[in-house]
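Same chain, two partners: chain A is paired with chain B first, then with chain C.
Presenting the complex of A and B:
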């Protein structure tokens, strides 16, 4: 039974059962297009979830990342149009830097004033969104003005399948970027000193200092990387949907947090893994997607997402208590 | 200090935070009067504020109650909306749209209020159950339950607002009593009641002790689980009162009304001297903070700042308060 002690195994088992059940209700679930589009929907939420995972591992909480993602994406696309820049690499680097810069504000307040991260990020999120909508603008950048380079970049596909009726369906190459980032974060967490210091901080700030970790460095690293991931996700998101909307990502924070908690991360910090988070993201996206396939009214989505958070957190709390006992 | 001693001097000594907040109100008044001399200092402006701020004030007191034990309640907006919506559906079901339009349903408003409060208490009890029995952290428990409540509100209405409440319900949000706005009077009654409950009863003092040092409180023989559970029930009921006020004022109820109030309620609670880690916070501080911030945002509205910029200012203010509190605690 030691296998079932690992939360990843439990989540994967639940996931498998859920997939079989959904497949029984509507066999369309197993069609290749549906699976491809499922994976595609994982990319943005997944990349953001990696950032939230880092923050949660350290015992923190972040609700500002959707605002950072929107700011990075909108400012960058605006900048590209203004300068008439054609290219892919520079905009993405730019979005990452904007995200990291916003994240450093969070880090500064969390570290310097020892303030509860939830309250800090509520403040910074509101500031960044308010600044973007109030100063930069509220108009969407639609397909007619959206930089074609970005569209072409995000159109890339790993492989395509020609179906019997002659239509093509392809798996977007963006999942590779997602998997690469996830692998990078995993290796960083498990095999580097800074990764270990994040777990140590989540286990207890005092203990981490005594062992000799530089918490200032750790906190700045966590929040800047989380911001950078959010900025990158924002940029990728607008490239994939061909639209830069400054009001985008409202309510995304809850979905991403739900996914991370679902993936077994503990809000008290020190517990959680990249693999668990990816499974959690997949589960959440799949449930939302399947509600549509199973013809459940979309108004129920919030109830479902909320219930998932409640059930997942109750289960994690129960698990944590059992381990302590 | 004697627990029942109550003179102005001891109040000031005990809580110089309140003096600072009053100072802030004065500064905001002076600056805003200076910036728009002919518009800000009008009776009309202040009168309209007495209709607007009570909702937010009650929500902030609800947040204070949750924060006293080191928790937080992110579901208050969901609770407020779902209880207002259910009351609206109740009226439509038993009186009907025509009946409401013709002025019927005054008697049934009382039942509607009881219904709203019951829903608030039930929603709060659900939060309390998650937090005390299942030991889910308050942030996540209320984040999730808030989604569920908002989701239920969305399912019940299907999206659009529920319009048309009885006249007496409307009166709670727009009426006048003794020449004062009804919501304002209601707010003062609730604030006094909560101040009494939190400082002069076993329940309130227990909450403060639990927030200051949970372990010591348990060793002192306090029933921590029950007290925290009850505090979330109280928070839920306060949220439903805010929902009644909001739906009364706008004569409508919708699943996404007042979503910006959440950040503002947290900000006001923190600004009012509440320690989010628990143990500290007064109703007086929160009440003055809500007035200060409403004056500030009304001043900016008169200056024709967009709502987005006001969001920016609220966020910046929250961070500023964190900095100020940090420096104040350093000197101590």
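Presenting the complex of A and C:
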């Protein structure tokens, strides 16, 4: 396999060129501050993208994860306040379980009724959001009530540097969590049979059954893990911004899907990688970041994200068709 | 007497009361190549599914190595060494050759983790065993059809089968690839593995097999050593009647008429050059040539799909500029493409809609479709072309290949075409339907005074149906034969000399 046929190499090359170009237009880009903040912005989108990648590899499409993330974080934080609980581990486990439970609803409908995942997740996402606002509450939990223990946890930094003017900038330790999760998902996809069954399902459900994969297990695994990742990301998100907003993550679905597609995953399933997805996430965040630095109006960001989806999807579709020539 | 590996005895299989298999017995000996011949819908695939344990017979038994079973489960069938290579190969296009080969073994060993080194080793051994040169690290989607088939065969051989069932294995292969596959099949046979070759292609069956069974309407109608059969006897068994093999005669009328279709100096850069041809009403002219000789481009140019061509085309003496499809249709040219499935039909739409697709303008008043008129037209077309369907509302995708082809013909005949261009009119159509379609085409040429141009790889088809055959090579018409004065052999010799 030649180097350039690997999607990751192409994406990395494009990313590098884009970084150099952006750096030329705006030298502030290469400042440590900016790079650290860029990486910080990767964390939440990146963790969600891992879940979306799993679903996309299996040939499905998930738009419910922002709702699951919101539900997991808001319910958990509400619970913490209600019980007066102080701790980090239990809330995160809680959020993961809530996400996984929501994911299992997706899996049930996809498996039992052979429904198109896009439709299932559109429905469940909307249901979960509505349920949350209608039953649990609509008020934001902001800094005056937000559990300090979570704030302290998310403040942790890997290392800090002191700049010439005496101010500090630090790289959040949350990137380590992101990298660890990414490594975990990568190893799972590449080196376990359940991971390979996801690729097999994306390659062809009929053939996967004939070979002897248990697709029920695979489908539940995919959607529960995607839900769990979303729940975890939601929890981490609110800890990092000190705010639990039940109307959060609007429009995130588009950004995350754009990042995954940009990372070379095929929307028809069966092709994609964790490394590519991480590069795609970085590229998306970087583009958004430079639009902000260049003081481009935020409404135009929508146009950019939309264009990224269309162009990246066209490019991967073209790649896959050429492969089958 | 060689020993028997598998013996189907008096198997009956019904689906909602209708017998798909009616008292079928079939004996497969160890290490033989056995052909199962039959038309589409004759019960071939039901036989495969009974053998591989997918279907449970209603009565009868399956004996393997002399031990009798009332039925098999898929797992038991595999354990007894029965492997099926399906037409779609059941491979994962997005995975590498190596992983495709190893997945079965890994799953059978109930592995949780993937050992990529053992995956590669397994794959390497499987490919070496077949003696083929395929890169195990390649993705299956990047392989040709023949390559994919080899991978499917290699995968089947990994489980040490005793019987390899191949369902229509030559459908998408070129002649050369078929020869390679036959060599491999004989090689497999040399290892004592039986092969059941399910097909409807006469010549290939006669070439490869030692014994042959013919199934028709769920009954075994003939069985014996292949040397007892020839093409016409197989056809007779498959269809239940003799297929006429008389040729088509066309007599020039006493008073000369202008040709329906007249081509002069037709040229398309890179495809064909300076072509001249006249086709009179009622004539069926065959166009033969190797793939890439330019024959398909000629057909497309005549249908307005190659606007870059130069030269003149006259219909009934009137020059027509064939720069668009619509001008071709307006001039009375109808084209039935090579791949009717992708180029010609809307598979999920009803038969009626497909038939009427090109003439909606004519049956509409002020853009509103005249429904009774449409229904009548469609119904009379279905009747005229003997399309086997209870109703015109059925989706075309549910019809057999032969009937689909008739739908395409019906559509073009409604345009009141004067010139009918047929590209591979019976590709993928079984023998019985083939003869029917030929008869329809011939009748149409005579009754409606059509000028027909028939392009085909099947020289026999041309010899049987055309009064004249033009041979094309490297974009030129190099030879014209009056069918009465030539033979299939002469034309095929000529084509071989071009290779």
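Just so we're on the same page, the second predicted complex is superposed on the first by the 324 of 325 C-alpha atoms of A that agree within 3 Å, B and C clash if a C-alpha of one lies under 4 Å from a C-alpha of the other, contacts with A are read in each partner's own complex, and residues count from 1 in each chain.
Basically, contacts are C-beta pairs under 8 Å (C-beta built on N, C-alpha and C of every residue); 3 or more make two chains touch, one makes a residue touch a chain.
Everything numeric in this text was worked out from a predicted model, so none of it was measured.
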item: Chain B versus chain C as contact partner of A:211, first or second or both or neither; value: second
item: Which superposed partner A:300 touches (first chain B, second chain C, both, neither); value: first
item: Touch count on chain A, higher of chain B and chain C; value: B
item: Touching both chain B and chain C, residues of chain A; value: none
item: Chain A residues within the chain C interface of the complex; value: 1, 190-196, 199-200, 202-204, 206-208, 210-213, 266, 269-271, 320, 323-324
item: Residues of chain C that touch chain A when the two form their complex; value: 90-95, 99, 103-104, 106-108, 111-114, 116, 137, 139, 141-142
item: Chain B residues within the chain A interface of the complex; value: 72, 130, 134-137, 139-141, 143-152, 154-155, 158-159, 263, 266-267, 270, 276-277, 305-316, 318-319, 322-323, 325-326
item: Footprint of chain B on chain A - complex, ascending; value: 61, 109, 112-116, 118-120, 122-135, 138, 254, 257-258, 261, 267-268, 297, 299-310, 313-314, 317-318, 321
